[in-house]
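So that you can tell them apart, the chains are marked A, B, C and D in the order they are listed, and the count of residues begins at 1 in each.
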């Protein structure tokens, strides 16, 4: 299995990625997927979210995460795409796809991939609010705990 | 939350369903998804799979499953689409989408929805093999066990 | 009159997808109905031979053998579901 | 010479994204380098004030403070990651 890894500025075309993942395969029984979005909080309206990454290391870390998943579940393919740059509420940020002969493996691998991606790939988010203030998002303990379950 | 439920003959357009699910929403933090496919087994080559259902009861059961999920997780929307009719290896069979402010809720609801859909919605599969033989797929104990975890 | 539906291999073995039936007195539950259909003719005997693999619904809601039904109801018999 | 990179608020506080540095003898680990950068000037003091919130990588692999580095290596400092 060769994972498909990409860091990109543009929106994620889920149908195109599904087609890429399943091209030429008939052994796939299920694809699990997670799509992350920029969420707006009415209590503190977000104007935009800027995503920064560490070129080179990011792709290497994403490949390593996918390789780890392939060692744990019988994957026929997986896709990790993460956006960088300036995003607005409602925009997609991240796509994880995991294809397997078996439904449970596809779903478990999907959860694993997004948990590890959140805690082990070098991306940083800065929020800009409607009132003009900015702040760097802090890492959440809950994310580390979710990732350490695996 | 009003779930989107449909039984259909035609292929599932995942991008269109994602657009429908997120239309007008900015509170979505993540969408979990599962897509089931007709899987080919090289040891016993499948020619086609025929899916039969119980019109009326099927939609009611799917709505009830979605309602149950909405009672357990903070869902902003969910989509359950199941195909019927004659399918061939590689075809999609089922799509589950669950949108939530929170990643873990979206992923957990997705797992729940597909497990319950497999065990509580009246669909039946008949396999036709390349050698001309046919057989009705038997319910798997593993599916019941997966569904009873919830 | 009760509308009785059959799905999957129960439909094949019964030779029909549905029928309107006049139910004799004493046949009041889903289990009674399955037993009566099994005893009625050879098709019923084939379809309901292994009762442990037959599932049912009354008015489109899953029902166990002790579940009652009444005149005008829709009762369906089918194998364990295999969707998804 | 060592190539040192800064990301997110470490980049902002350092006022640059990267620099080529001649490292003095005795600065041999990631932890040594962070302490040296902190003592070097006001920007370093601001960026490395809370060492518990600083993470690092050597040659694009996550590294803890005791990790060594050598001439020609790439060392990066950044806050805990917040992708996904």
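Observations
Convention: a contact is a pair of C-beta atoms (placed from the backbone, for glycine too) under 8 Å apart; a residue touches a chain by one contact, two chains touch by 3 or more.
As the structure is a prediction and not an experimental result, all values here were calculated from the model.
Steps from subunit B to subunit C, minimised over paths through touching chains, total 1. Averaged Cα coordinates give subunit B a centre that lies 48 Å from the centre of subunit D. For this pair, subunit A with subunit B, the centres built from the Cα atoms lie 23 Å apart.
For the pair subunit C and subunit D, the distance between C-alpha centroids works out to 73 Å.
Across the assembly, subunit D contributes 84 as residues in contact with two or more other chains. Each of residues 36, 103, 114 in subunit A touches at least two other chains. Every pair of chains meeting the touch criterion is listed here: A-B, A-D, B-C. Residues 5, 7-9, 57, 60-62, 76, 78-84 of subunit D touch subunit A in their complex. Against subunit B, in their complex, subunit A makes its touches with residues 13-15, 18, 22, 25-37, 39-40, 89-90, 101, 103-104, 106-107, 110-111, 114, 146.
By the touch criterion given at the top, residues 36, 51-54, 56-57, 60, 82, 93-94, 114, 117-126, 136-139, 143 of subunit B touch subunit C in their complex.
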